[in-house]
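Presented below is the structure to which this report refers.
Think of it as A, B, C and D in the order they're written, each chain with its own count starting at 1.
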Amino acid sequence: MLIVLKPDVTQEEIDHIVSKIRSLKLEPYVSRGVHRTIITIIGDEDVLREQPFEAIAGVESVKPILRPFKLVSRETHPDRTVVRVGDVEIGANKIVVIAGPCAVEGEKEVIAHAQMVKKAGAQIFRAGAYKPRTSPYSFQGFGEKGLKYLAKAREETGLPVVTEVIDPRDVALVEEYADMLQIGTRNMQNFNLLKEVGKSKKPVLLKRGMSATINEFLMSAEYILSQGNRNIILCPRGIRTFEDVTRNTLDAGVVPVIKDWSHLPVIADPSHAMGIKAYVPAAAMAYVAAGADGIIVEAHPNPEDAISDGQQTIDSAQLVSLIERLGKLARAMDRDIA
Amino acid sequence: MLIVLKPDVTQEEIDHIVSKIRSLKLEPYVSRGVHRTIITIIGDEDVLREQPFEAIAGVESVKPILRPFKLVSRETHPDRTVVRVGDVEIGANKIVVIAGPCAVEGEKEVIAHAQMVKKAGAQIFRAGAYKPRTSPYSFQGFGEKGLKYLAKAREETGLPVVTEVIDPRDVALVEEYADMLQIGTRNMQNFNLLKEVGKSKKPVLLKRGMSATINEFLMSAEYILSQGNRNIILCPRGIRTFEDVTRNTLDAGVVPVIKDWSHLPVIADPSHAMGIKAYVPAAAMAYVAAGADGIIVEAHPNPEDAISDGQQTIDSAQLVSLIERLGKLARAMDRDIA
Amino acid sequence: MLIVLKPDVTQEEIDHIVSKIRSLKLEPYVSRGVHRTIITIIGDEDVLREQPFEAIAGVESVKPILRPFKLVSRETHPDRTVVRVGDVEIGANKIVVIAGPCAVEGEKEVIAHAQMVKKAGAQIFRAGAYKPRTSPYSFQGFGEKGLKYLAKAREETGLPVVTEVIDPRDVALVEEYADMLQIGTRNMQNFNLLKEVGKSKKPVLLKRGMSATINEFLMSAEYILSQGNRNIILCPRGIRTFEDVTRNTLDAGVVPVIKDWSHLPVIADPSHAMGIKAYVPAAAMAYVAAGADGIIVEAHPNPEDAISDGQQTIDSAQLVSLIERLGKLARAMDRDIA
Amino acid sequence: MLIVLKPDVTQEEIDHIVSKIRSLKLEPYVSRGVHRTIITIIGDEDVLREQPFEAIAGVESVKPILRPFKLVSRETHPDRTVVRVGDVEIGANKIVVIAGPCAVEGEKEVIAHAQMVKKAGAQIFRAGAYKPRTSPYSFQGFGEKGLKYLAKAREETGLPVVTEVIDPRDVALVEEYADMLQIGTRNMQNFNLLKEVGKSKKPVLLKRGMSATINEFLMSAEYILSQGNRNIILCPRGIRTFEDVTRNTLDAGVVPVIKDWSHLPVIADPSHAMGIKAYVPAAAMAYVAAGADGIIVEAHPNPEDAISDGQQTIDSAQLVSLIERLGKLARAMDRDIA
């Protein structure tokens, strides 16, 4: 950590800061320049991070040197993590496609949707039983009944299922039925929920918060890992910016950063990134070309009848075509598709 | 709602959309122009909002006409809401000051902090027993013990207390001790938590999500109101933008919009908006000048020893001076300070 | 255009608005609903756009129906535009690579840089003679001398050159030497400069403003086209958001939108989008996978000695490898590389 | 400057960096920690800033210590600058109000507008002769004729006038007529234009770019100052964020930062910050409460007939009322109004 002092800092103020640092059993190095005096502290930034040095008289700014996460970092874990969901490996050489409707829409429906997805060539089925909706008057999901339908869909098709959990009270129930737990964008910093899924044995698909920085995204994964669950998949899904033509702004640029900093696999969500079905395939291609290990995409046999998110949901023919294009792309990158 | 059709829309597509609208028992009006055909639907936008018209072939875009919230709107409730917390009225003519440290730091400490705050002239005491922290390795709060200390602080000083609740499982416990429940910025769209506090009888201080639009902010209040709890105070606290000199970007501009659209009172948080204690008083003045009914500010006798957020915490002398300045400002605006 | 009236609008106010619209020789349609009355005007939005309807008593909001641009739109020009720069076609089936250092660094240097770029397989050479720098104390470019060096580099290598023009007074001079004029991100709304290059016969590479919406980006192209110059290439280069790990946020998501709305070709800039050389190749891949017709990338034989932007500049080996990877990608997308 | 090295940096790489720094005649200090080695360089950051240290093998990140501006800084010029425009002092104790329509609308009109503004109590008149418009089909201003009308309006009323200059070729002409030159938000980084007004003797009102950071804003002022013109007024005018209810997001929070870092006065623009006339007065109050030395506001006798920006333009009665409220506010802050 580096502490930059104000130009008019007094010797008394410097002495106070130095003694404060020593009281933490760390050694400060004071360097005096023409314009500024700075104090360098090499040591455990976790201890330092908790100290409000900026609150001390004479301090102009504080600059951390280390990134705040550890367990998710490639520095502490150089080998890439491969997460298994059922028989599917995520983070290995093959690109993985997760597809399905936004919401579980009924028992017959969800089975038909899973069959469509399987036939198109996807490896994992997605559908929401609990739906976090912006409006209290919107459909909130089938809940436990929806989980049971999902289990039926798995039985019928053999596809593992991923579904969202939005409440720490529901984690035990959801993990009974699902093969992978999804943490949604609005819950990326619901820390008690992160702790609960961190105690689960099921893999976790962690969506990026809609305005989360990369550091915050990785710190949320760190929460889960710190509870013992190593099976985490990071899911970029677009971020909120000034641009309003698309629902969010495609964040394909985070993929190489995450791959550089962390050992965790990346599955990206082009549907929420764009919010408009015509642009979803191009977004999926961009994510994979940037290095993602796969995509999670909203698909429905008849998007105009989807209970939610129909405007960003691709249909069966589009899914088939997308998977074919992703396969070609994967092979051009010396990867393959599952 | 207005549906704009693509320039090359076919008659068949128009007929399909029209019949879809009629099946919802609504009446569409089709207007043909030189460049575009549009369909206007005057009626219940709640029904329309659930329909993914953008997913239908021939549709270019959909433009809602009504705002999505109701109970929080001045259209359905023209009189301004005044919320009582203990003996303090929020939303009436007098400006209210809520102050205290970020976290409950111990029994003796919290009593001393409440006494400091009372002496400086604030009307409500704040301190967190549950702390949502970006890092799993940071101090997470005293929990229930902290709530008990808060109750002691109230006994000693007579000040009502507000404290954050971050988990739906804790609402019953927190409302036993607190006079007002705070929903933090990371939980503004934790809908299950909103539903729980919506069933509480205690007032709720709802912080704006760090990248929430005004519509989303009011929809979260709508969640609480839809459960029966009318005692809601909206709390702008800065938003996340490209500017990184300050922790967030001061969002004083939302105050007149909220006051125009909603009947709910506004208490703003200049500490999180700026993140740097030297700039907190100017931010507090800006919020109140823009029409806020008061502020919630982090204050601590010795900010450099604060357990968290010390860099944005003002000290006792600054709090006294700020309250004096806010009093003058309030009177210049034909208001007063409590 | 749709005008939404306030719930308490009076008949007199409605009459006033209606007569205002009729005075523009347009026909308003008034529809009364339960919650709102709206006025629909089908007709020339250019006339309407200039009218401040929001300023009129009784008006709640105004919703345009048509997009504001015309000449750049596929509606008025369905065929894709192919721009020729020297012998290179931009916007045809083959992906084009433009490469070179940020700045012209001297006569010998620029020739060596162009030779490196040619050898690596790029088709067009880039280097700046005029440098818009954030600081007045930074190197501002070689100016006219730099243009002459560029012409030499073209002679030596046969590669066409693109270089930035930053002042309307320099357009005549720059077009004497350059094969394509670049409008930089800070000048995307320097309308007088746009008008000048609009009168030029040379192709224009128009960079997206760092916080420009897609509509504004296309309106700036419209400025150039409205002066008669049809040879415009749109250049996404990242946008400014809250994320600060990368210099900008990669805007690969605009590519499918631009391709849908406009007939103009797209060359994207992964160097400025990321700002960190290690992430530039992944960003280039993402842009092309999203549908871009090529990339413009900063390359230098020895980035640590580059006069500017060294941190985001790839070296010769990285350029060779990137072009090879882009070739494979192009072929996987049924395109090719020049 | 601080250079953080990668965890796997080699001794050879460290030696190379050290010799590079020494070749700049600066002295590096190498500190080895458990997790990272860092190199501190205390000295002239201007020299360092030009070096792309991030491009060198082994470097993880570079952290500057000093802010990049000098002449605009309070460190080099502790006394506050007061700028005189005609007889009006900007930056002294009295709050200043600049008002007028967006555009010069004709000779008679501009005189009537200036009279209205004077009668309402404003001290300086504003109106644009050159209008930077997003669309090439919108009214672009009266140009030189408009400047002459402005001079007439000054003669008639005695009010000094401020008007925008958008082209380096027009600076000589505009300064013949105007008392203060305005640099608009789209030209904040039109560096050649900044250099031209930097050579002028007339005061410059520099608007913040719509997505400019505070550092960039001050660096643009530095450009002007570096050419010899010390009479600069900084003008916050809202920034672009994800919020789209208002035209921009009110940036009142930059006022205390600018006042802390720079000696230059601040006049803020609430009209463009909000974009909706009903919210302009609250925004003006917020800016002044945050410490601004005055405001520049769009006002017109009949906003619905304004040639541009009518939706954000207040009328005569609103201007009178606003100035009265600002006067009360100023006195409550121990200031006054001119």
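In the analysis below, a contact is a pair of C-beta atoms (placed from the backbone, for glycine too) under 8 Å apart; a residue touches a chain by one contact, two chains touch by 3 or more.
Predicted model only: the values in this text are computed from it and were never measured.
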| item | value |
| --- | --- |
| Maximum centroid distance from chain D, chain identifier (CA atoms) | A |
| Chain pair showing more contacts of the two, A-D and A-C | A-C |
| Where chain A and chain D are represented by their mean Cα positions, the distance between them in whole Å | 38 |
| Distance between chain centroids, defined by C-alpha means - chain C, chain D (Å) | 26 |
| Inter-centroid spacing, chain C versus chain A (mean Cα positions, whole Å) | 31 |
| Where chain C touches two or more other chains at once, by residue number | 211, 240-242, 244 |
| Of all residues in chain D, those that touch chain B in their complex | 211, 213-215, 238-239, 241-246, 249-257, 260, 273-274, 278-279, 282-283, 285-291, 325, 328-329, 331-333 |
| Residues of chain A defined as touching chain B within the complex | 20, 46, 49-56, 68, 132-139, 166-169, 186-187, 189-192, 195, 210-211, 216, 219, 222-223, 226-227, 240, 276-277, 303-304, 306-311, 313 |
| Contacting residues of chain D [partner chain A, same complex] | 2, 4, 7, 29, 31-36, 38, 40, 42-43, 45, 63, 65-66, 75, 211, 240-242, 244 |
